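Next come two complexes, and both contain chain A; in the first it sits with chain B, in the second with chain C.
Right, the complex of A and B next:
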């Protein structure tokens, strides 16, 4: 492989379209005669549907279809098929779809909604997953009968949709060996993905029985699969086309609101039906990050060695689990994160409540698990009177040791120590921050580490097709979605190096069309460059071999004596003798007119190697393909009069294996750190006592803006070549968000000596904590 | 998008506007940054909206020391911030407050008249205007009247305007040099409503040192606390006096809990912020 483009800040290939505003998103798409959809939603967190009468809506002029669970009695879900497209008999959260309308205009559709008559009988609801586990209110009485992947362990009488267990070493013995037992409790609420572009989809059902769905989807193939599965349509009759996605963050993975337009389309063949969610709908009725309560008990030696770690994580999974099952599992099998603990007992529970539906969210359980682990590390350090960085350094998951699932860490797995050292250096750890003149304002620094592997099925596959054209330019077909992360740019660079041709000669085929593109599992899990890179490597080899085989016949030398370079294939020991690629890539034609070969099409597929499922009782196994370590640090200023926190500086360092594009990677890290600030300081889906959501618009759901971000943000890398990648790369996409909250919490402690164990750290909580400290 | 039908009118004279507004269910709009949000959420369903921002007569600004600052209701916040340096120079607390409204894009449309007309207890432009003794010129078919801003609000979203009346202009007397601060405590630093806003204005700081204070988001209407002002007038800013001043401010508030903050926190800040502002503007040196 050449090494010409990888490692350079090649300009983004989607920049022109995005900067000029010409990039197409679903909302920009219009079709002649298109119909507009609108959705009637539950006003109750938990209620029986006693009566649902859509007849008046159906009669309204301009209404083409009205659907309810009666017309479309299907459930969807990637890992656990528990989420009905329309509420069936009962509603389980505020915002749940009850009926949908397709009409000639959006206005008519809205009017039709007002004509639908629904009578509800409120049911007792449950909002705290710890309460829900008592099983007094059963949200899914039928859970045991739902279709699910067998790796998920349900406890129906406790509202538990997955219970993950890690049992490693001997926890009792571990606690006996410990000099100190240190316990703590940590909490974080549900948060919203807040993509710039809300969810949207268009569906068209042809009279030929073929269904086409345009969707703002992270994972076109999985979406196709799940639509086909839910509606019982053969895969080849379902086509998903996915234009640009204006931010996904996990919320557009799997299947989401597409079922609604599909259900309508099936009723009105020959018509396109469009549904673009409002911001309110996007917050209420897609998915959110699950809330979590964690209880940790650690056994620690006097010198800071952690010998036992027992943890219970209880996730607020919301009304349906679906994708969220695997969040619970990933958090379970990764705890205690980047640290080695010989004796482990971890129970991670996913629990139904009558809150919004929990699902995949950047970090996929790791923002949650590291919140508890990193906060608890700080607590241990405080109780031992040890420096928090020193405590971390002492317990790192280093080569030769095993992680929670029993996988051995190798040199090539990555270097968390180097990440922490670099982050410490960049935040000038140990150097006291300069304090403001105002004695009511105090500054402090904090640091936290992290680790994450892709959370995916053991057989999550990728494939790549490389097509050469007459002028030896190339189109690359891959089905990872460009969701802003810069994938199309990075894969162009990698393809250029793998094919030994200029990057300018390569175009990534876009948008993704499942009828034309090769299969890809999903654009999730920070796995794209790693998994597609491996498939690409094989596809490039395949294409190069075809070129060399043809050239070998023409030049009369063995293929292994040939090399491809930019515009030609030449003889290695006689570089002056070559054939232009343009004479080969469509097949070679001799002067007398006879031709050999044919168009060069490279093909490569990849599934992760040697992965196995976990043992259900011990959580031991080999389910993680590669791990990315990182460390993050923060400096903050706290106003002790108002409780306001200002983040002055953030640092993120990640062991990327190999950085494909420093500019794009830096952007990813800075974006991720800002996204991590949100839940640390302000983000939270709030409900009132009755379970009614009160933060369903940007008036009340607050995100960091440019005015909140620190003046200084530093992204840096460690590069420990990843041995399982043909390009030496591993993911860094989700990671920057993960340990920002614990780093900020640690910085607040450093500044004012109080521990915030519940996100977000609102001024009120900070003042309360200060008062508690004073009263002690 | 707005899911119901309504008429949109764009009068170019006050007379025309009066006619249109005499219809039941017709409301005036300026930047519509409050109105559209409410209509979209169906919390407001007017039959007609009468867009006043194209009426030339409402688009003026003047300042002179005798009359003070007078500007028409169609003047946007960004125009006040960028086109009229007198705002920053003579009414610094008001200037700070409008700079903190929404985002730049919001302020391109938002007007002070709309902020007042919306009559939210959180209206950021109002507390400083209260401290500057602002008045409103209100006009209608029947004629005109002048209303003191402090007498304008009657409850959350409620005011003394009658159907057909519009705010013509905002009149802010000039009482000499002023210093002060608008402390906007909000969850995020831009595009947020105040959890609590405190305007503390000192007229003639080196001379008679007249301290005035008004607050947003601590009562059903924006609140000026005359009692505290009376207390501190001609008193030295000792620790004791300043704390008593803040206590009086605090006891005049009656905050509630909402998505932005709890009543307890607001109540506490109603004490903390007046002292903090006095310290930050350099009038008070003590640190508790």
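Right, the complex of A and C next:
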């Protein structure tokens, strides 16, 4: 492989379209005669549907289809098939779809919704997952009968859709060996992804029985699979086309609202049906990050060595679990994050409540688990009177040790120590911050580490097709979605190095079309460059071998004596003798007209090697393919009069393996850190005591704006070559969001000596904590 | 009712409903899809266009009010197939990721730089405080605005 493009800040290949406003998102697509859809939603968090009458809506002029669960009695879900496309006998959250209309205009569709008659009988609802586990209210009485992947462990009488267990070493012995037992409780609420582009989809059902869906989707193939499965249509008759995605962050993974437009399309063949969610619908009725309550009990030696870690995480999974099952599992098997603890007992529960549906969110359980782990590390440090960084350094997961699932850490797994050291340097850890003159304002610094592997099925596959054209340019077919992370740019650089041709001669085929593109599991888990890189390497080898085989016949030398370089294939020991690639890549034609070979098409597939499922009782196994370590640090200023926290500086350092594109990677880190700062300081989905959501607009659900960002943000890398990647790479896209909240919490403690154990750190909480401290 | 607007230099006549927004008309009737709808509520800035010289959220303007207005959208920035210096700066500084907020940011930047040649960081923050971006963390956007100001300054 050459080493010419990887490692350089190659300009983004999607740049021109994006800065000119010509990049096409689903919402920008229009078709002749297109119909517009609207959805009737539940006003109750939990209720029986006693009567549902759509006859008047059907009669309204301009209405082309009305669907309910009666027409479309299907459920969907990636790991647990529990989410109906339309509520059947009961609704389980405010905003749940009950019926949908397709009409000639959006206005008519809205009018039709008003004509639908529904009678509800409210049921007792439950909003706290700890309450829900008592099982007094059952949200899914039928849970035991739902289709699910067997690795998920349900407890139907407790509203539990997954219970993960880690049992490693001997927890009792661990506590006996400990000099101190330190306990703590931590909480974080549900938060919202807030992609700037709300979810949207267009569906078209042809008279030939072929279904096409255009969707703002992170996972075109998985979406195809789930649609086909839910609606019982053969895979080859379902086509998903996925243009640019205006932000995903996990919320557009798997299947979401697409089933609604599909159900409508099946009723009106020959018509395109468009449904773009309003912001309010996007907040209520897509997915959110699950809330979490954690209880930790750690056994610690006098010198700071942690010998036992017992933890219970209870996730507020919302009304449906489907994707969220695996969030609960990933949080379970990764705890206690980047630290080595010989004796472990971890229970992670995913619990149904009547809140919004919880699902995949950037970090996938790791923002949650590290919130508890890193806060608790600080607590241990405080109780031992030890420096928090020193305590961390002492307990790091280093080569030779095993992680929670029993996997051995190798040198090539990554270097968390180097990340922490670098982050400490960049925040000038140990150097007291300069305090403002105003004695009411105090500054402090904090640091936290993290680790995350892709959370995916053991067989999550990728494939790549490389097609050469007459002029020896190339189109690259891959089915990872460009959601802003810069994938199309990075893979272009990697393909150029693998094929030994200039990057300018390569175009990534876009948008993704499942009829034409090769299979890809999903654009999730920060796995794309790693997994597709491996498939790409094989595809490039395949294409190069074809080129060399043809040239070997023409030049009369063995293929291994040939090399491809830019525009030619030449003899290694006689570089002056070569054939232009243009004479080879469509097959070679001799002067007399007879031809050999044929168009060069490289093909490569990859499936993670040697992964196994976890033992259901102990959580031991080999389910993680590669791990990315990182460390983050913050400096804050707290106003003790107003309780306001201002983040002055954020630092993120990640062991990315080889960095493919420093500019793009830095963008991921800075963006991720700010996305981590939001829920630390103010983001939170709120409901009133009856379970009605109150944060369903950008006014009520505050996002970080340009006015909130720290003046200084630094991204940096450690580059430990990843041995399981042909390119030495590993993921970093989700990671920057993960440990920003605990780093900020640590900085607040450093500044004013109070511990915030519940996110977000609102001024009220800061003031309350200060008051409690005073009263002590 | 029929209204007449000048959009990106072209005079456009279009039939609008009283309750339609300017954004709806641009996007759904004229297929000018550079301005995006992120909220429809004046809360995100994705729909920003320059309206009689000022940046506005086009989702908050009722279409009939726009009769006679002069409007510049992101589509109006490129000249003869060439990028505007602000667009170049956004590329060079990597000031976008998913790109959905980008047309709005670019138009807010244009309005700022039309009014202030050498904006300070505070000026930039103030001018862009109504534009939300969930991807970039804003740092590169600030740099892009500074760079665009430099580029425009050098040209004049």
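Observations on the model:
We adopt the following convention: the second predicted complex is superposed on the first by the 776 of 776 C-alpha atoms of A that agree within 3 Å, B and C clash if a C-alpha of one lies under 4 Å from a C-alpha of the other, contacts with A are read in each partner's own complex, and residues count from 1 in each chain.
Here is the rule we go by: a contact is a pair of C-beta atoms (placed from the backbone, for glycine too) under 8 Å apart; a residue touches a chain by one contact, two chains touch by 3 or more.
Treat the numbers as computed from the prediction; the structure is a model and nothing was measured.
Once the two complexes are laid over each other on the shared chain, residue contacts for A:764 go to chain B alone; chain C is not touched.
Applying the stated contact rule after C-alpha superposition, one finds that A:706 touches each of chain B and chain C.
In the superposition on chain A, A:694 makes contact with chain B only, while chain C stays out of contact range. Contact with chain B, but none with chain C, is seen for A:682 once the two complexes are overlaid on the shared chain. Legend: residue contacts after superposition of the two complexes on their common chain; A:667 is shown touching chain C, with no touch to chain B. Within the superposed three-chain model, A:439 lies in touch with chain B and out of touch with chain C [touch as defined at top]. With both structures placed on the common chain, the touch criterion links A:402 to neither chain B nor chain C. In the superposed model, C is the one of chain B and chain C that contacts more residues of chain A. Residue overlap on chain A between its contacts with chain B in one complex and with chain C in the other: 697-699, 703-707.
By the touch criterion given at the top, residues 27-28, 31, 33-41, 43-44, 46, 73-75, 77-78, 83, 87, 90-91, 94, 96-103, 106, 124-126, 128-129, 131-142 of chain C touch chain A in their complex. Those residues of chain B that touch chain A in the shared complex are 1, 3-5, 37, 41, 103, 185, 187-193, 259-262, 264-265, 268-269, 272-273, 276, 287. By the touch criterion given at the top, residues 11-12, 14-25, 27-28, 30, 193-198, 244-249, 276, 278-279, 483-486, 663-664, 666-667, 670-675, 697-699, 703-707, 709, 713 of chain A touch chain C in their complex. On the chain A side of its complex with chain B, the touching residues are 106-107, 110-111, 439-440, 641-642, 644, 682, 686, 694-695, 697-700, 702-708, 762-764, 767.
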